[in-house]
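The first chain written gets the first letter, and so on, giving A, B, C and D; residue counts start at 1 in each chain.
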Amino acid sequence: MKTIGAAIVGGTGFGAGELLRYFVSHPAVEVVSVVSSSSPGERISGSHPYLSSFYDRPFDAALPFERLEPYRERFIFLALPHGQSGLWLKEHRAKLGRTKLIDLSADYRLSVQAVHEQTYPEVPFDGEIRSQFCYGLSEAASEQIARSHWIANPGCLATACALAAKPLLSAFSSELSGTLCFDAKTGTSGAGRKAQDSMHHPTRHANMEAYKVLCHRHEPELRQALGLSAAQRTMFVPHLLPCTRGIFVTVYTELKSPQSASDLLDCYQRFYQGKRFIRIRETSPTLHDVVGTNFCDIAVAVRGTQVVVMCSLDNMGKGMAGQAIQNMNLMCGLDETSGLLIPSVGPL
Amino acid sequence: MKTIGAAIVGGTGFGAGELLRYFVSHPAVEVVSVVSSSSPGERISGSHPYLSSFYDRPFDAALPFERLEPYRERFIFLALPHGQSGLWLKEHRAKLGRTKLIDLSADYRLSVQAVHEQTYPEVPFDGEIRSQFCYGLSEAASEQIARSHWIANPGCLATACALAAKPLLSAFSSELSGTLCFDAKTGTSGAGRKAQDSMHHPTRHANMEAYKVLCHRHEPELRQALGLSAAQRTMFVPHLLPCTRGIFVTVYTELKSPQSASDLLDCYQRFYQGKRFIRIRETSPTLHDVVGTNFCDIAVAVRGTQVVVMCSLDNMGKGMAGQAIQNMNLMCGLDETSGLLIPSVGPL
Amino acid sequence: MKTIGAAIVGGTGFGAGELLRYFVSHPAVEVVSVVSSSSPGERISGSHPYLSSFYDRPFDAALPFERLEPYRERFIFLALPHGQSGLWLKEHRAKLGRTKLIDLSADYRLSVQAVHEQTYPEVPFDGEIRSQFCYGLSEAASEQIARSHWIANPGCLATACALAAKPLLSAFSSELSGTLCFDAKTGTSGAGRKAQDSMHHPTRHANMEAYKVLCHRHEPELRQALGLSAAQRTMFVPHLLPCTRGIFVTVYTELKSPQSASDLLDCYQRFYQGKRFIRIRETSPTLHDVVGTNFCDIAVAVRGTQVVVMCSLDNMGKGMAGQAIQNMNLMCGLDETSGLLIPSVGPL
Amino acid sequence: MKTIGAAIVGGTGFGAGELLRYFVSHPAVEVVSVVSSSSPGERISGSHPYLSSFYDRPFDAALPFERLEPYRERFIFLALPHGQSGLWLKEHRAKLGRTKLIDLSADYRLSVQAVHEQTYPEVPFDGEIRSQFCYGLSEAASEQIARSHWIANPGCLATACALAAKPLLSAFSSELSGTLCFDAKTGTSGAGRKAQDSMHHPTRHANMEAYKVLCHRHEPELRQALGLSAAQRTMFVPHLLPCTRGIFVTVYTELKSPQSASDLLDCYQRFYQGKRFIRIRETSPTLHDVVGTNFCDIAVAVRGTQVVVMCSLDNMGKGMAGQAIQNMNLMCGLDETSGLLIPSVGPL
């Protein structure tokens, strides 16, 4: 019998589908339930046809906690829309016991009440609950994650920006002389599964535009993830790419004194030494190399004092379900790569 | 130690990359060499960046046969352009011994000399060698494949057409009253890795066209795969889709007497009973459900005597490398699904 | 002052946007009103941002008929959803007078009551009104269109299939020995402007599937357009392409006796002699060559008795707004190409 | 007879095709010759199939200067690869007389010898010839262009960056406190018509990457176009989008004191007052709104002292052929919009 029992709440969305896809290859995980309050009784593979012949059983209407009991490790993944995770947790908290929880929503990501309330005014801030969550940026907090029971899984854009800039801030923090500009490009799957005008195929195909310019919710999150002081200025603009999966972030900044390309490269290679999912590249990252995977590819360029960092990852992989499973691995004492060392399909 | 030693010849092409990708997840295969006469000494992941951190060692200039020796099962995969496989085999035949061979090219697919010479006039037909090859359409000839040492791996379009039409021909052969029309739509990766005008991104993006209308080389192959007599007429037209991976074939034909939808469905379900990679669908197959996998999804529709069969697969998976590995599994006595039961990434 | 006053009802949809785009270049048309009951008072270019600086005035809540009066020719284009055109016409019929009407919907396309009622059961058939409509396949009925006041503008898929097969049926009708199989591939804009799950970008990007297999509403229409008898059998399967604009139809059929390629070519060239929007091609049509235009490109291939016809057009151009304007030109005694001789942008 | 005789040299490339497409709608231009040294005698529409029925006559092997003579205005458009324009001009200079010249290549764009030699070391700098060229950024130098005989047509990326930043520099030059970061995203047509590995469809589809990071040749050009002093620092990174046409540039900078959104908007509206091809948008520009046109759409966002400018245009339109024709219009005393006021096709 496998050692980890896993249940997913919010079964019809992209997050659930992607978790299930990764679980197919995970050696230790048994999926004991997929809950959908909107489609109870329907086949899981009806909502996720690509999982046909893998998950043909029905969605549960509510989580059967008792099915988790036989497992040494018990996990619930909340793949609910923002706001609903918090409600679910409040309702079911008493039943959790030693069952661990990974929340894919934004409900518990921000730790400062004022920042949370300004960013997600529609989601009440509960300081007591929030204090028990660990922000799960795997490469940045692996030990803390390993000790935690509840994880607030990072947002996809914040993950890319944070992973791109962390080594720079670590090595050259006092050297930074200017604003950190994050230009993010993302596929359309980030908007979720539900049809909406702005994600209508004729609107997005062969098109590009910026959105939520200087007012996207992931900017406070990436600032928190990077531990920036108020003095360190950032600009963040996301753009919609005419493809479905993948994020590409380009970071621009200036240092006080010139650096060599090899120094920058060394800085990144050292910082991510031993981190299997971070691949430091000599040329630009691409979406192809990371789509469908938990990898995050990073490259740096330098010209005197000017630094550019490029970073690509799959918003549904390292930016969501992949990182959630990586966190689960850490929380179980497994190798963090367990079930996740799968290359992308490449030409796409 | 793993039980299968595998070598790939023709290492820089899409075929090799895709084989290597599948081998990452295969429990029994050790890749002992990837040969590239054009890029010896360069890193494998230099040609296939998405395999970075999986295959960072160099290409070999020539196949080191001795490296295969320690393994209980020894396999060579020829991923060379049409015409070059035959040359390679003639040169190295004496060294093969009990090493098994799977050829991804078209050089040994056609068994009738006249048909071969008309179809591939530039590739000499060697009847003695050809007679030792088994045409490796896995679902159609699993026992013969299991006993074979040399496999001619089917073409991608022929695989899709043959898998789509086989059950129909098996159950209703005498009932067929008209031509079998195969309308095939394929992604651009089928043309291989080398840049060419007709596959230039600005030419193919958001575009579609037919090519080699009524004169494509896979029509003789699919006729052979289906065992058609000269009396059974076929028409075959491939079209280029504005995407990279995936084949979708729509088959049109007429029967002498009307059939019910459920009879047709039964026919397909029975024919492929126990075949894990064939999924009979109730609605249209899609590319998303099969891209990156060894699955072939099939659906049927009927209106009186009129029958439509739809079939989708990944030209690089079930249409090439996936089927090659499925054949390898069969030739080793492994479960044919070994290392291949991976769902697609879905929304793409 | 321009000679044609034109009003559009149903202003926020793709049909209206495309009509307006063509009217920018039309030498004789003045757009006097664009009606939207859902967005009255909002800027036209708010719904169609690509028309910004061309149509920045507001939608009208209802059609101001008096604005049409000063013009020698008066046209109303109904760009409403199926079913609503009929309702609009019944309500406003008395006000039409000599104002001509072109209806982009399917409400008045089918002339046989039983066929209409089976195909569009939700739209009542009004024989008296229907009898005053002319089915506006421009190349097939230019003289009748020129004498008509009310036009039922053909559907996009039916237009492509009919234009592809007409010359064949005209020249070889008694020679046809088998079913006419129409394999249609279409972009996503055919489904209209409104977001829906099946047209969600993550669902359609890099994907393909068939829909309404053997039961699409354009099959009765194309049969009517081709004047087929019940004895002439057809099969029609549409597929969704991963792009926005364009239709590509491949027609398969068999003749009783073999034909040469040049005979077939001659047949098509003669049939469309003088028809500026039909371009007979020596190689496969493409989407690129027709997207954004009123052109329909056709090529033929033959192998003995087997014939393949390929046809491409823009579902929003020749398949909708372009043909509507071509019909308007005919109805005004203008050159049918007036305002429509614009090449596509090519590489897209 | 039309008043402008125009000849194009370098007839098979994207530049020539796009010029020809615009000339179809230009009321004053007669195309007297399209020269291709590589495909003399072949039909123009053979190289540009979308121009079929518009330009079916053959390419000329060499420019027949005498055909230009009857026209009041005579223009030669050089659509040759970088380096070849200069060679052509040196060879044919004596024959030019009062014939005007618009060069689409980079050969005469840079005015400072040292900058040119560092940027295009393979193209010799000829100061005497260069001094007779006017850099043709239409909105920035319309009067100078109108007086010029030889135009160096700006590069596509430089055009987008310069148009995006000019108003800011004009109004807030002394207020700029930081680096101007230009994050550019461009379609694949910018690389030209010739197939190459990096533009192979399977490589680019659904992919994204940066290239020539901090070392792209358009950075010196955009600095020159903006008239920047050495003290004003810039960073420029172009990225390849998975689509064919269109550029989207996002500019990041900081001012010394905060500005309001309306002040910024006013600044841009005033600066481009009366410029028909610049549309100041209230929301993000898109590619759809500009593809196939000569428009450049711009929007601004501000947060305290932080400013973001977004700009979209078609690299083949305003970024190449469209601007060339706009310059021709200016040089002839025509309205600069002549033949160019065509909206995009919108949903694409």
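Going forward, a residue touches a chain if its C-beta (ideal position, glycine included) is under 8 Å from a C-beta of that chain, and two chains touch if they have at least 3 such contacts.
Everything quoted here is computed from the prediction, not taken from an experiment.
Participant: With centres defined by CA atoms only, which chain is the most remote from chain D?
Facilitator: B
Participant: Across the interfaces A-D and C-D, which one involves more C-beta pairs in contact?
Facilitator: When the contacts at A-D and C-D are counted, A-D has more.
Participant: Distance between chain C and chain D based on Cα centroids, please, to the nearest Å.
Facilitator: Going by mean C-alpha positions, chain C sits 36 Å from chain D.
Participant: Between chain A and chain D, tell me the centre distance in angstrom, where each centre is the average of that chain's C-alpha atoms.
Facilitator: 40
Participant: Enumerate the residues of chain C that touch no fewer than two other chains.
Facilitator: 14, 189, 202-203, 205-206, 242-245, 286, 288, 291, 347-348
Participant: Touching residues of chain C toward chain D in the complex: what are they?
Facilitator: 14, 17-18, 21, 24-25, 48-54, 189, 205-206, 244-245, 276, 279, 281, 286, 288-289, 291-292, 295, 297, 316, 341-348
Participant: In the complex formed with chain B, which residues of chain C make contact?
Facilitator: These residues of chain C touch chain B: 178-179, 181, 183, 185, 202-203, 205-211, 213-215, 233, 235, 237, 239, 241-246, 248, 250, 252, 254, 284-288, 291, 301-303, 306, 308, 310, 312, 347-348.
Participant: Once bound in the complex, which stretches of chain D touch chain B?
Facilitator: Residues of chain D touching chain B: 14, 187-189, 193-197, 199-206, 242-244, 348.
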